[in-house]
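Chain lettering (A, B, C and D) follows the sequence in which the chains are written, and residue indices restart at 1 in each chain.
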Amino acid sequence: MKRIAVITAGGDAPGMNTAIRSVVRFGVNSKIEVFGVFRGWSGLINEELKQFDHRSVSGIINQGGTILKTARCPEFQTQEGMERAYATIKKYSLDGLVVIGGNGSFAASHAFGNKYNVPCIGIPASIDNDINGIDATIGSDTAVNTALNAIDNIRDTATSMERIFVVEVMGRDCGYIALAVALGGGCEDVIIPERKFDLSLMCHDIVDGNLRGKASWIVVVAEGAAHAEDIAKQITDMTSLETRAITLGHIQRGGRPTAFSRELALRLGKEAVDCLLRGERDLAVGLCCGKINTVDFATAIKKKELPVELWYNLIKTLT
Amino acid sequence: MKRIAVITAGGDAPGMNTAIRSVVRFGVNSKIEVFGVFRGWSGLINEELKQFDHRSVSGIINQGGTILKTARCPEFQTQEGMERAYATIKKYSLDGLVVIGGNGSFAASHAFGNKYNVPCIGIPASIDNDINGIDATIGSDTAVNTALNAIDNIRDTATSMERIFVVEVMGRDCGYIALAVALGGGCEDVIIPERKFDLSLMCHDIVDGNLRGKASWIVVVAEGAAHAEDIAKQITDMTSLETRAITLGHIQRGGRPTAFSRELALRLGKEAVDCLLRGERDLAVGLCCGKINTVDFATAIKKKELPVELWYNLIKTLT
Amino acid sequence: MKRIAVITAGGDAPGMNTAIRSVVRFGVNSKIEVFGVFRGWSGLINEELKQFDHRSVSGIINQGGTILKTARCPEFQTQEGMERAYATIKKYSLDGLVVIGGNGSFAASHAFGNKYNVPCIGIPASIDNDINGIDATIGSDTAVNTALNAIDNIRDTATSMERIFVVEVMGRDCGYIALAVALGGGCEDVIIPERKFDLSLMCHDIVDGNLRGKASWIVVVAEGAAHAEDIAKQITDMTSLETRAITLGHIQRGGRPTAFSRELALRLGKEAVDCLLRGERDLAVGLCCGKINTVDFATAIKKKELPVELWYNLIKTLT
Amino acid sequence: MKRIAVITAGGDAPGMNTAIRSVVRFGVNSKIEVFGVFRGWSGLINEELKQFDHRSVSGIINQGGTILKTARCPEFQTQEGMERAYATIKKYSLDGLVVIGGNGSFAASHAFGNKYNVPCIGIPASIDNDINGIDATIGSDTAVNTALNAIDNIRDTATSMERIFVVEVMGRDCGYIALAVALGGGCEDVIIPERKFDLSLMCHDIVDGNLRGKASWIVVVAEGAAHAEDIAKQITDMTSLETRAITLGHIQRGGRPTAFSRELALRLGKEAVDCLLRGERDLAVGLCCGKINTVDFATAIKKKELPVELWYNLIKTLT
């Protein structure tokens, strides 16, 4: 293992830069040459990469986004795309790849690494926290805090104007952000992809609460479960109460990584380099039950199960 | 002037609580009895008010929203509504009103105060900064900072993924927030109600920039000018480039007031009480060219003119 | 178990209010009467307590500090103090106590609970993260983020003015905050109580780095290891380079709890009530290897061992 | 005017980078060559400068500190230092200087510009807000907000533990930050260089308040008036009440500039370039009574008078 490359792929997440810094510095410190690949897989296909040294990653420990940039790359799912990527790997004599990304990036690494015999190690970075077998992805803590601050702000208006708000947070297949935000924000209800939801029951609760003097409600919706606008309209139709919809959107992706997102990124960056040095491959590093560990890609890309009912009951009992 | 009441009306704004604190404490300190009216004008109509003392406003100096709550009140625009409000004023022997709110609240105060001979003093609090004749409303600095932080976050993704974002900020008739955010956020363009906008010209710039390697754009849109979704769709149609729409929404209304919003609220609260004590009426207090001053309600509710071209040129030259 | 009381004791930590909310609402929901005791143990001694209901804890989920207030109470370490506290427990027919606090509070609970046969359950809340056997205390994530933001700010000046800064963070016997902040802040060195430190070696590194063009340094010091002023003076003496000392102090204790501090507080509040209902006693609830669990008070109050060398090596390799 | 240079001198302030961006982009846009000088005046002396273009200032609009770095430079106060600086100006054919800094930097510009006939325009950037004749310096709004957030945090502990805190903020000759923070933070008292202070009177108030049940106090101290440690010790001596001292220090210098600091920096950067283009010299640009204007250096460096009694009375009446 003399020369490796680091890639960020998929949607950006806060802490990706922190992870890049860690991979580069631990790599260089271990006498490995480290290349940065730009624009995700397409950078490998199009030979957009350059050697990084200790200084290349100065000043990025607390910067959101990724200096390597990232992009979706449908071409990498074709035979031709993978061939070209592999040609770059050969040309630059790369002995291994560190892939910082989420589910999709791990699936691609799994396929590509096995097909072309390229050692790939994944570092889970995704705001969705949807990687199976690990406690937390880099960036999810930051995204939850950003969304929670937004909810705190919305609560001010909800209370002052005695209104119902439906707030849509990110999470296509995974209700993690929605659950965490609904819990921490003291929200009255939450709608997620993993759980059947009875809107008429909630509307009944809202009307009931309204009669008892509870005038403000915040309902959190994961984007993968429903759209805030639709839910708000249905609530208005069923209750005749004024309801506002808010979609937090991309503010959840950016911003300075929190302490936890940074710590995780720094520790996993080291672990990824160590894995390559030990000859490991086809797996992701991650925090498992509070400890740094590894998970096979095949396991990591399976659907993650959250203790949905437990969280939901917590939320409902606390409000 | 022995007994006054304080009301928050219209949409909530960060710093309303700070202003309430100031009115109550300066009132009490001037040996006046101060009543807090709940839920805006409807609290006057429905006799929802109670006497406040020094302690009633403890711990709210940095809290968003309004402990008096606020509400829209169409009833106050009827003869009957005003009669009932006036009846409450008589019943409680209120000698004057301090109305914390925006344009609509000032127009209502102007009409009501003159019709029923009730001294009303307005304190401008609105995130839109749309009160004529004054430099800044309470809450607008906070809202601009909140929106700017959101833009900073979005910039991380725009740069990392090399994408176009259209971000809709608040401002129904007034482009102030949009201009301030576009300027401070280094945004590439801004669409506001006060200025004709040539979308095809902007799309031409985008395509042009794209060819030269400028891959990310942020366009800020004031809600009164257009909807982010529509603009994003049009950009995609014209440029074939992927474009995302984000509507920041109510996160701009809440949160802790900034230092400036607090200072303004505290100084204007004192000035409002002083105005009533001096026998003034039918006017708003405000910062005018950097100094505390007053503006007739009749002037304050006129359309505020912003130096739109000057700001727009600044924004375009800086990006 | 029909009636319990909840106390906050020791130094305040962000998330204590969130935990109070959880204990009260889960208690009430389980048909238990819940009393809030004011000012820590002295409230038990002086009969300062009152019954809380669902509404008593509204609006505090995101507030720093503790609405129950807290105080040091040397009197509770005397026989007489404990007798009086026990008298209150009898008078109010309290069947159990939930004690939200740190090391000292758990030691006191352990002694008192066993001596007077009062079931006590501890909820770990302390910015120091120094409770043995558990992953994280309520408030430590918030404190680390607050300190890290401060370090980010200081980095701006350190880089711009090319200066050395020594930053003292909280942590009397425990270097946790210092290690986490030094790691996440990309700091050049860290001095903690758990590890011998060679100042002349660091000064040698500083001078060496200076010759190679590395002009700015941030050294983090845990308050229990040394004082920033002293270290700064010694660095100046040894290197002749201008060095500034900063002591972050109590800003680390306050502020809105982060998402993680809130989630932990809410889950542990429920668990503490459940423990009392199940007849458990003399133990703390806590996150252990990522899962909610319990730890005997006797274990919890022992000295917590951190993986100091592992962290220190991470920090040094990354800078 | 074909070629100018921009310098940041004195202590760094948030928004300096924003101002650099503005000077460079407006300069380049006006067909002027713009050089960036590194490390303040010493960069001019030692010929550390390079040409900047539009791209040189990308991505710094929201970054604290200064990419030009800054340094104190006693050598520039000597004849020889000034000669060498002037030699650089001749060598590079610089037609004018934009100096971003505070009082000291303006005094130096005034002396140097007049002696060597070099047109110098100052842009006021200093957290202290101590430039005479203008409303606000770049960075002061940011510093006040940073200090205010710290005070908000400290208030949580002050209230929860019912303690007295003395908080020292920056401001060597100027009590601006202290006054703004004490007002916005609802602090009980404030000690500044511009105003005689009767500590025994304050201690009397503290004891008095304590008897009436007011248990927590925050006293803000400007560094130029006294040290927090000394005041805390005196309060303890006089009142026998436990008192804590905190010195906020350099956290007030760094961090992202607020919206207002950014807007000011961007507008003043343009104005400074315009002044040079119009042939003006020996003056600072600034916000005067809410409008962009200019102030002679000779006036700007005089002692700024604050409406101290007015602010002090506001603070004392509001608590």
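Annotations for the structure displayed:
Definition applied: a contact is a pair of C-beta atoms (placed from the backbone, for glycine too) under 8 Å apart; a residue touches a chain by one contact, two chains touch by 3 or more.
These figures come from a predicted structure and were not determined experimentally.
Ranked by distance of CA centroids from subunit A, the top chain is D. Between subunit A and subunit D, the centres computed from C-alpha atoms are 39 Å apart.
Separating the centre of subunit C from that of subunit D, both taken as means of CA atoms, is a distance of 35 Å.
For subunit A, the set of residues that touch two or more other chains comprises 152, 159. Taken as a graph of touching chains, this assembly is arranged as a ring, one closed cycle with exactly two partners per chain. Residue ranges of subunit D in contact with subunit B, taken from their complex: 21-22, 25-26, 29, 59, 61-62, 135, 141, 144-145, 148, 152, 159, 180-181, 183-186, 256, 258-260, 262-263, 266-267, 270, 287-291, 314, 317-318.
Remark: subunit A residues 8, 11-12, 14, 16, 39, 63-66, 69-71, 146, 149-150, 152-157, 159-162, 165, 244, 246-255 touch subunit B in the complex.
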